[in-house]
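The data blocks that follow each hold one structure.
In the two assemblies presented below, chain A is common to both, partnered first by chain B and then by chain C.
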Partner chain A sequence: MGLIYALNGLYFAAFLFLTSLGLSIILGVMGILNLAHGSLYAIGGFVAAYFIGMMTGSPAVLMLVTAAAAAMVLAGAVGLVMETTLLKPMYKRPLEYQLLITFGILMLIEDLIKLVFGGESRYASAPFDAMGSIEITGHTYPVYFLFVMGITALAGLFIWWLMAKTKLGIMLRAIEMDRDMAQAMGIPMRRLTVVAFVLGAALAGLGGALVVPTTPAVLGMGMDVLIMAFIVVVIGGLGSLKGTLVGSLLVGLTRSFTVAFYAELEMPLLFMIAVLILVVKPEGLFGQK
Partner chain B sequence: MTNYLFSSRALGYLLALIVLLLLPQVLSPYHLTLVETGLSLAIMALGLNLLLRYAGVLSFGHGAYFAAGAYAVGLLNMYFPDNFSFELAMLASLGVSALVSALFGFVCVRHTRIFFSILTLALAMLMFAILEKAYHFTGGSDGIRIPLPTFFGIELTGMRRFQFLVGPYYYIVVGIFAAATLVMLAVVNSPFGKALQATRDNEVRAEMVGIRVKRFRWYAFVISGTFCGLSGGVWSFVNGHITPEISGWVFSGEIVYMVLLGGFMIFEGPIVGAMLFTYLRLYAVAWTEYWMLIVGGTLVLLVLLLPGGVTGGIAGLAARLRPGRGGGRG
Partner chain C sequence: MAQKTNRRQFLKMAGAAGLGAGAVSVMGTKALAAKKSIPKTPIKVAAISFLSGPAAGPFGIPGDNAYKMMADVYNKQGGILGRKIDLISLDEAGGAKTQVELARKLILEDKVDVILGYISSGDCKAVLPLSDELGGLMLAYDCGTHVLMEGKKSPYKTPKFQLGFRTSAHLGQDNIALALAIKKYMPDVKKIAGINQDYAWGRDSWHIFELAIKKLLPQVEIVKTLWPKIFTTDYTAHISALQGSGAQIIHSSLWGGDAVTFIKQAKAAGLFKQAKMAMSRGEPYPQELGAEFPEGQFLCCAGAHYFLYPAWDKWPLNKWFVSEFKKRYGKYPTYPSYHAYQAITAYKTAVEKASSLVGGWPTMEQTAKAMGNLSFETPSGYCVINKDHNAREDCLVGISKMTKDYPFPILDPQRLEVFPSFQVNAPAGLTTEEWIAGWKS
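Showing the complex of A and B:
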């Protein structure tokens, strides 16, 4: 049974990793805590649910790939519009305006989703059902969870490659370390900020797309996820890939085991961990000051 | 100049108080309860602005102290229903919120900028999680109902809730609000208030001239949190029901919204903001299912076009119309 809890924890960590990664990249590169990140995730969820609904009868993997691609494109597009119109004037403004404008955007997106997709929950469990389940040490375990872990591993590797090996990634990390110096060195800040934001938004969309086969897309689904992603980023450290991974694993496993043994403790315990880390090391376990 | 400003401010306050006291003669009972809500939230907005404007740190988790004050009232009623008096409830609000903000603040004041905001947010969510999950003790997500209290031994049996709210309680709220405003005015104009602004402008320099930066920021945090607690206590009777949501980050964000809507560079700005926000939100909810579009859109426009808030905009306009006379900033 312990193995199943651990696997559940891993699945949850995988899906958290995808969503938190975007939040972490945006916070690292732009220094903005994007409160609307959960709403980009919700856009991903609704778009994916819509496409999965349209494609009933197709093979599960095809449905998922189409839905995930559409979700990423749409969330990325909304991110692009949001960054270039509303966030661009904010970089030189004080913190309170940066936080509040993303708070306003969150409300806007929540209602725009309601306008476009209606207020009802959207079920899209077809891929989950089609993939069936396998036996692991005498317990049945859904194949879909393993699939999500696989996709996450791929996405994580891709981001690692992008950040560590490509020129784009090196420039993004330079901005994270020292904005002024990066600008002085002639790094195209404006273009890279847009790239980072769209990348973060697309990752949120992917996270949302992968969750709808297990839980329906509902209004407000982004709110809870934002808070979980927030804990992950706080634990792992602002803008650190390694930190986001460790933070996701810690939150995922803690959650899976507390839910199994004493569910009431889940959220208080997670926030307690986050607060403790903030107090001792406010830049997070792997973050730089 | 200072004298002129001060006397014109005193005159303005007197006028505002008279208007507030006359409102029950002209406003419908429904609008009177809205004004009551606005006034009780204004106490909290003033509290948040002590940190934002004078200490230079943004709390995104002040809902926690509002909740501390409101739940002090709720729990008092739940566990000591026989002694549920208004004066005891207010004392509990002040005491509990001072205690919670002293504890949370002690941790938060070590940091500034985004770290301060993130830490306050996380602590508010911790409070939310505890209030929601410890349902045997706090009523969980159902919250707690707040009945009518007694006043210094006077029983209100037979009086209906609504009568109470538009009758005696209105004047009590106005009284508490006026007292809180004057206390806050005294705080920001005291030597402590000036020292606080020095820590905001240059932490190192303030430390050099002998200001204990963290200690002073902590005092400001506790004062700010206690104002929120008082606000929560007063508001809990108006609302009649409290739930853990008031400790969540969305409500904490709305507090910041109020302060910026009114304008945080002017002392009275947050009061105006709390009133406007109460009306804006209520009318948006009543008018359309898509109220978040209106409230969020207003916020986005405000941040983009009117960063000084409503009072800042008016002061700017007045300064432009009357060149030679400085705007009354303080």
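Showing the complex of A and C:
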């Protein structure tokens, strides 16, 4: 069973990586703790569920690609509107204003989802069912989980390439390292801030899109994810791709093995790790001081 | 000529006079009752269920639909004592604090005649004490915690609330019935595990099941107890842990999206090849999941609430209820719909019973008094509301089986187990735990 426990941990880590990466980029580049990040994830979930429902009978991969693309575009678009209208005036205000406005946006988006999609759960498990299961060391394992791990690896590689190899990424990293210096060097802060926020929102949307084939889209689905994403960001460090990856792996694998052997400690252990990191290394394992 | 009255004639006359006087007295009372006016205004009935969020689809909306259907049906029949039912459907979302505020408003400002409500045990526990505090009649219709009407130790005082009732049985019966069904079909089972949500509902459900199964099958070893958070989206770790435990039966009170997610992921991971589920409120999920729902699982019906039981030829009320519900909403009713029927019908029956005794439109207290010892027909058989203000019902447990007649597994007609209410419900005044402790092994 050890391999299966490890695969479960990797799947959960993949899911966490996708959702916390956007949060980490926004926090790193913009310095904003976006409490509405979970709502962007929920938008992704509902939009994907809608598209999957519309495409019943189509090949699983086509359904998923369409649903994920639609979810990323819509979550990104909502992120764009959010940033340019509600967040922009808050940048020069104290942190508590940003927290209040993003919390307000969270509530607003929740109501908007209810208005658009209704209050009922939305099921979209067709791709999960269609992909079936395979045998791994004598144990049955759903193919969809392997698919999510693959997509996450691709998304991670893309973000790494973007941040490490492109001018855009270098400028974003410069902002993360020293905002004042970046501004003094003539980096277009405003434009890049919008880009970072939209990118983070789209990643949240992708996370939501990939989860709905395994679980219904429900109102409030973004809250739990937000908490887990915070734990990952606290452990890994703000704005660090490597930190988000290591944080996700640590949380995913710890959870999987804890449930198998000491189930009662599932959540307490994760919180204890986060608290320990905050005390010993407040900037996170790979964050900058 | 005056006739002398003998003793026999005197007794006849006296008897006749007595009967006459009695008849006049009864007629007088009835006449008096008839004179007591019944208002013409509609009855304000607040029906509170989850209309949004994860509990809306499987519970709240089927419950609310049954309220709407029955209010419409009763109104077409003339309402309750000629008064139309003005049904106010409200959302249970928002948590206990929100529900307490809503109940206060409904009783004090809107002055509703009765509140029929609540799926969440937490909401029931928070709101029901307001019935006596604010003077509002409340019928809890679906929440399952056994501690709602029970005291901490036996014997406890009944009723706990003068104006608060529960018109369905509690989780004790579901879990005891499951244990009894397992004893019948798998008497040699050795290893049992549990997966229940980490809050009062899940903890209480497992607690009662564990007590009952250990009493009924002492050889059973509990090999794993898992407590995932409510609204967990990834059960892979839990499923692997259950597979690793070697459990033959897995008890679960998971509900709504959690139940659906768990079953789907567990099926894909092959869990049902080695273990059977025993779901304390599993009845809605075959219809929810369709052919994907695995066969051979123990499913309890939160009472004897099932669209195919009681058999339609033996109990036409179930046939009517199922047909009417399906016609209106396109789905077969699930247990929350039956619970909603019981709540609105309990209120109607109690008002009519009280009115027949006191005349006119009864006061809230008179209605409550009539409801304190009430028996009425439901689509599932008879429902009895006891002196502890808690309903008692028979409990049905079945085993899922795919047939050619429906696009989802039904409960195998050859293996339907109906446990009478006295076998699965503690008597009033005795806590469920102490009652189970008193069973002979």
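Keep in mind that, in the parts below, the second predicted complex is superposed on the first by the 289 of 289 C-alpha atoms of A that agree within 3 Å, B and C clash if a C-alpha of one lies under 4 Å from a C-alpha of the other, contacts with A are read in each partner's own complex, and residues count from 1 in each chain.
The definition used in the following text is that a contact is a pair of C-beta atoms (placed from the backbone, for glycine too) under 8 Å apart; a residue touches a chain by one contact, two chains touch by 3 or more.
Computed from a prediction, not measured in an experiment: that's the story for all the values here.
Of the two partner chains placed by the overlay, chain B and chain C both lie in contact with A:Glu264.
Shared-chain residue A:Ser125: touches chain C; no touch with chain B.
Of the two partner chains placed around the shared chain by superposition, chain C is the only one that A:Pro216 touches, whereas chain B remains out of contact. Contacts of A:Ser256 after superposition on the shared chain: chain C is touched, whereas chain B is not.
Once the two complexes are laid over each other on the shared chain, residue contacts for A:Met107 go to chain B alone; chain C is not touched.
By the touch criterion stated above, A:Asp180 is placed in contact with neither chain B nor chain C. Judged by the document's definition of touching, chain A residues 114, 264, 266-267 lie at the interface with chain B and also at the interface with chain C. Interface residues of chain B facing chain A in the complex, by the touch rule stated above, are 52, 58, 60, 107, 110-111, 113-115, 117-119, 121-123, 125-126, 129-130, 132-134, 249-250, 253, 256-257, 260, 264, 289-293, 295-300, 303-304, 307.
By the touch criterion stated above, chain C contacts chain A in their complex at residues 51-54, 56-58, 61, 91, 93, 224-229, 231-234, 236-241, 243-244, 256-257, 260-261, 264-265, 268-270, 273, 292. The touching residues of chain A, counted against chain C in their complex, run 1, 4-5, 7-9, 11-12, 15, 114, 118-121, 123, 125, 128-129, 132-133, 139-142, 144-145, 211, 214-216, 218-221, 224-225, 255-256, 259-260, 263-264, 266-267. Against chain B, the residues of chain A that register as touching in their complex are 31, 33, 35, 86, 89-90, 93, 95-97, 99-101, 103-108, 110-112, 114-115, 223, 227, 230-231, 234, 264-268, 270-272, 274-275, 278-279, 282-283.
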